[in-house]
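Everything below concerns the one structure shown next.
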Amino acid sequence: MSITEQRPIISKLEKQELFRFLAEGRRVDGRSLLQYRNLSVQLGYIEKAEGSALVELGNTKVLAAVKVGVALPFADTPNEGILIVNAELVPLASPVFEPGPPSEESISLARYVDRSIRESKTIDLSSLCIVPGRSVYSLYIDLYILDYDGNLIDASVIASVNALSTTMLPKYSLEGQNIKKLDEYFKLELKDYPVSLTYAFFGDKYVVDPCLNEEYASDFTVSMTVKSDDRFCAIQKNGGGMLSPRSFLDLLEKSITLGKELRRVAYSQIVKK
Amino acid sequence: MSITEQRPIISKLEKQELFRFLAEGRRVDGRSLLQYRNLSVQLGYIEKAEGSALVELGNTKVLAAVKVGVALPFADTPNEGILIVNAELVPLASPVFEPGPPSEESISLARYVDRSIRESKTIDLSSLCIVPGRSVYSLYIDLYILDYDGNLIDASVIASVNALSTTMLPKYSLEGQNIKKLDEYFKLELKDYPVSLTYAFFGDKYVVDPCLNEEYASDFTVSMTVKSDDRFCAIQKNGGGMLSPRSFLDLLEKSITLGKELRRVAYSQIVKK
Amino acid sequence: MSITEQRPIISKLEKQELFRFLAEGRRVDGRSLLQYRNLSVQLGYIEKAEGSALVELGNTKVLAAVKVGVALPFADTPNEGILIVNAELVPLASPVFEPGPPSEESISLARYVDRSIRESKTIDLSSLCIVPGRSVYSLYIDLYILDYDGNLIDASVIASVNALSTTMLPKYSLEGQNIKKLDEYFKLELKDYPVSLTYAFFGDKYVVDPCLNEEYASDFTVSMTVKSDDRFCAIQKNGGGMLSPRSFLDLLEKSITLGKELRRVAYSQIVKK
Amino acid sequence: MGEKISLFKEDGRRTDGRALDELRPIKIKVGVLSNAQGSAYIEQGKNKILAAVYGPKEALPKHISLPDRCILRCRYHMAPFSTPERKNPAPSRREIELSMILRNALESLVMTSLFPRTVIDIFIEVLQADGGTRCAGLTAAVLALADAGIPLKGLAAACAVGKAEGKVIVDLNDLEDKYGEADMPIAYNPTLDGITLLQMDGIMSKEEIEQALSLAITATQKIHKMQVDALKERFSFSRREV
Amino acid sequence: MGEKISLFKEDGRRTDGRALDELRPIKIKVGVLSNAQGSAYIEQGKNKILAAVYGPKEALPKHISLPDRCILRCRYHMAPFSTPERKNPAPSRREIELSMILRNALESLVMTSLFPRTVIDIFIEVLQADGGTRCAGLTAAVLALADAGIPLKGLAAACAVGKAEGKVIVDLNDLEDKYGEADMPIAYNPTLDGITLLQMDGIMSKEEIEQALSLAITATQKIHKMQVDALKERFSFSRREV
Amino acid sequence: MGEKISLFKEDGRRTDGRALDELRPIKIKVGVLSNAQGSAYIEQGKNKILAAVYGPKEALPKHISLPDRCILRCRYHMAPFSTPERKNPAPSRREIELSMILRNALESLVMTSLFPRTVIDIFIEVLQADGGTRCAGLTAAVLALADAGIPLKGLAAACAVGKAEGKVIVDLNDLEDKYGEADMPIAYNPTLDGITLLQMDGIMSKEEIEQALSLAITATQKIHKMQVDALKERFSFSRREV
């Protein structure tokens, strides 16, 4: 059962201020409506994982780590590696995160990131086959939300792609019926550099990269993932409220422009020049 | 832990009326004490399942569907197919059904239906072996309670047997070590047509096929499953209260008579003349 | 989440009495500070288990039973049998035990007993291999707490070792690729006879083998498992409060002396003279 | 999107004979269950879906209630027999996500401030699945709410649009969902010109999405008319059957 | 009921030497646990079963309580080592069903209206299983209730009857339960002439059931006498041991 | 303790070049998270651990609260990527035990009677594990409590001592933990001369334990100094970063 969430109450004063600023085309933290917060990326934060990245987007901190294993392929894709995305809303990040099995928020986040990476074909899963029908690489992306100040989706996509870009896979040789792990590694190749852009709506106004207070005060958010070729590979409206078709079309246009910019910043350390 | 259930309270007036009618040998909905409600059976309701039937017994609606798979046999019955019965008290059927793992009511219902089919040998499980010790057919009967107005047991047995009667199984050929699914099907053969008869007790009086209000007002119920040869293959008393040995013997007699009648109606579309 | 437990409240009077006695070097039930309660061991209580023992330590009753199976060995120990300890705080033993998945108390108890047996090498796991890398014996020790009057740890270690000492394992012969169970059995050999000694602290005073009221009134407990050669193989402080290094060193000394005594009583039926 | 399967016939029509912008046959009935406060049943292609509504009723335990409006609980659930392989009845990650997406969409329609401290339960059961179940489920759930007499800001109808072999299409069936290039479920309220549910996966350019959106609006308007007809039938006859 | 196993010896006696209507050796003790308000232990054949009762006590959380009577909670549970193969300690579907069946049977005996808003917990632990555990468990649970001083309408004793190789028999052991043709557990209160627990599976004709019922009544009357003796012993000696 | 691995180099130093009584490099920061009331981060060898504190806050549901003091809730958790093989994020038996052991240790430090009817939540997340995580986690958790402004009876620092190839050593790394002969985690409060956490597994004689205890006291005193330094830095700069 999905149940109406109980958002922490923002004081009326805070909300009024937020709307007053919006009416003037400004935001409480000084940003313009379509401006992202400061973004920093630390590659290889978890040395023991095959790939990892720590992303800070303002006060939001997301750690993504990739663990590589060997698994039986799915029956309908015997020649493809397996990609699984899992997100943990770690309770130290926020008083609203609780220990326990994955919440609908964490599942929805993981599934959106999964779609962004899978549909954009950022990874060529068919290159992750060891023995067709028998052994394929499995990539587990674990998203760990360490500090929560809104816009988990965009930060998580950026963290995941950066973590994947640092991922080293062990080589295997086939010995008779069995495979043997070698002490050699190869780098996972990325085929695309998708970015997600998330907008929070307040009536007919919207801002990009909402911080937590903006998310709480907003009617709903819309996230869009754009590929390097400006095509879209994932979209999702989250929360109640209605999006006008006109605004939707606006967002498509804005996202292509903003996406180019964000991609440049987010993947500056990993994109080949 | 099984815990005393909290039955919805029936108004005193309703209850008084019910008892006044019973004293006169009548029921509130106009039936006689040993009369079933209208019964309708719609075969093949779920085209995508290998077998299915939708049963309406008054306002009680039960959908039974059979899914066929291939499984490893149990170690102690290497030559027998596997039969599993599962019941879901779907929350749209009643305000007292809650989402979540199977309740004791749904487990008890499924196990009673399982016994009724298994003990009556309605299906010859030894005919469902593909490769002894390695591959057998598995039949999953899912009972879906869509609308709840009492007497789930009788409706569920009827729905299950009807669903089984429409079940088509794919043929398999043995190719070396593996089995291969062919594009041919065969009909599951039924060896018996069991019916369950459920009685609700009010002091020393009882009625057959209780509707929900009667169930709530009763002391307890007794269900009995009768085979085509008039022998019994499952009995269960549900609820508190005491059944006198005399009444028990009465029920045995009544069930044989009523069973013949019910079997004729319940399986009119599927029994070979 | 581990959460501060709600201990049943002992009346102030009871507590005062307990402390008054302690101040005089006595205990409410007449024991001296370092005296164990009466201990009785009944071997082979569960005939259908491969090994078992019922231990009564005062009013605390622990039943330990060993079930033997065959399992795949762990990848990193292909030549070793598998030992698993599980503890059930059965709700009939105490109003504070609740049905449901294992509590942290039961997990902690099972893990302490596991360490006591595993680290002392009471069982030579490498002697429990049938086919290296493929089939090994698995020993499941189930601890069943039937009556709860404190000091579960010491009673459970004693029950486990006694149950193991009665354990008979079936022999297997290798037939081609498969193993076959023979109708012959051999006795599990014990290499050590560890005992755990548990102390409850009240300020700077402590008693051994606390009963339940003493546990509730104490600041914390310390358990130590001593091997036959007087070396230690497991230690654990349970509960809040601080243990002074001085007291810790005292306990080491006391445990060696008390351990010898307890070992003699606890294993009188099974230790070879 | 593994093996090569042709999603169009030689005459340019889809595998089930439809034109690019053509809906599958739809059958809607309102008021089909006897215990629920409101209920509806929809068949769209081979989809068979029931929706039921209980409430508004007191929100228990109290700490889940809100002082200024009612809360919604929503469960989207697939019957074990609704899919080719038997589905475990425990909720999958997909079902948990869709329950949330559908609750959000319904939340924008219900006049929640009329019923403070209460809860409305919405159950959507997919008895047979054939692509587009979340959309058909939403179409039915909105009707179940209306059937329960719960004041709405308006109806909303839902339909997936998407892309297959480079062509933008409407109301994807199972095959097109599986082997097509993109799937974009949309729920739309024509009165308020608002999108209440929006997801997309697969790959589409801005221009393709624009075209798809336009088709979705037309399609949902058609379904909206069927919703209105079903409600009219309900309140003239009051027939109850699946 | 797979392989062929003979359940009768050449002299017509059962595999354990019993006559058709003969009970297994039964040993009952009341008041065997120190913490429980009431407790009892039964051995019947190789069955070893403990029952304990806590309560009546305040029903928490409050919403489970009833204003006019006490509620019962009952857990029938098999120890992991009670069966030939180790049993997972998590409750199986069978244990969940039997917990309900046993609660129902006990509910008909307890004078629940004497203790409104309270709860009585009944725990039945099967330490070793040998056929007929639900019946032996009920026999013990009734005594644990009596030991706890809870007013009962009367005792009830339980025993399975059934059929093996065409013969109606009493108190089935493990082998007869597994390879016989029918098993009918019955709990009976001789004072009120009432059956409080009744199940059957396997195949029996009306005549066979009549015969089995008659044997069950005789058998439970015998066990009832042992219950009374155990209670007498309990209240004269007050010994506590397993 | 399976295969033969040498834990000492020819010069008598440990595999990572340390002397027997030498700690691994330790880096501590206090106040690293923005939402938590208090937080701390520790690196000890390759361990990377975050601790955060929320509270004191109202204890809900009420029945968990205590009238005379605050309660503590503690979760020790390992990230799925913290170990060589991916760890299932659901709590393991080991994590459940350590959560309890750590809560107990912290309970002895917090002045709980100052905050009746409230709860303090303590979260310890192991991002990367390299032996001795419970000790490093405790060292960090104590600082997170101090950072949250919760009155403590004193700080406590923790460190494992143990035995490898017959030698008593301090601050075991992953390899020494796995292949050594004994591991004894200790948390010690130097001001009150009290041990708040104590466990041991493996085999040690009384004399070895005495020697290990003495080394542990010296080691924890060193870590205690680093704790104090980290707190000073926190309250002079108030920098927040991981």
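Residue numbering begins at 1 within each chain, and the chains themselves are lettered A, B, C, D, E and F in the order written.
Keep this in mind: a residue touches a chain if its C-beta (ideal position, glycine included) is under 8 Å from a C-beta of that chain, and two chains touch if they have at least 3 such contacts.
Worth saying up front: this structure is predicted, and the values here are computed from it rather than measured.
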item: Mutual neighbours - chains that touch chain A and chain C alike; value: F
item: Steps in the shortest chain-to-chain touch route ending at chain C and beginning at chain B; value: 2
item: Size of the rotation, in steps of 5 degrees, that lays the CA trace of chain D over chain F; value: 120
item: Label of the chain whose CA centroid is most distant from the centroid of chain D; value: C
item: Length of the line joining the C-alpha centres of chain A and chain E, rounded to whole Å; value: 58
item: Separation of chain A from chain F, taking each centre as the mean of its C-alpha atoms, in whole Å; value: 32
item: Chain E residues counted as touching two or more neighbouring chains; value: 75, 121
item: Residues within chain C bordering two or more other chains; value: 1, 99
item: Pairwise touch network: line, ring, star, complete, or other; value: ring
item: Ring of chains, enumerated from chain C in the sense that reaches chain F first; value: C, F, A, D, B, E
item: Chain B-facing residues of chain E, complex; value: 2, 64, 66, 71-75, 93-94, 96-97, 99-105, 107-108, 121, 184, 188-189, 192-206, 209-210, 213, 217
item: Chain B to chain D touching residues, read off their complex; value: 46-49, 52, 54, 59, 61, 63, 65-67, 69, 86, 88, 90-95, 99, 101, 140, 142, 144, 146-149
item: Chain D partner contacts - residues on chain A that touch it in the complex; value: 1-4, 6, 76-77, 102, 104, 107-108, 110-111, 115, 119-120, 220, 222, 227, 230-245, 248-249, 252-253, 256
item: Of all residues in chain D, those that touch chain B in their complex; value: 33-36, 39, 46, 48, 50-52, 54, 75, 77, 79-86, 89-90, 121, 123, 125, 127-129, 242
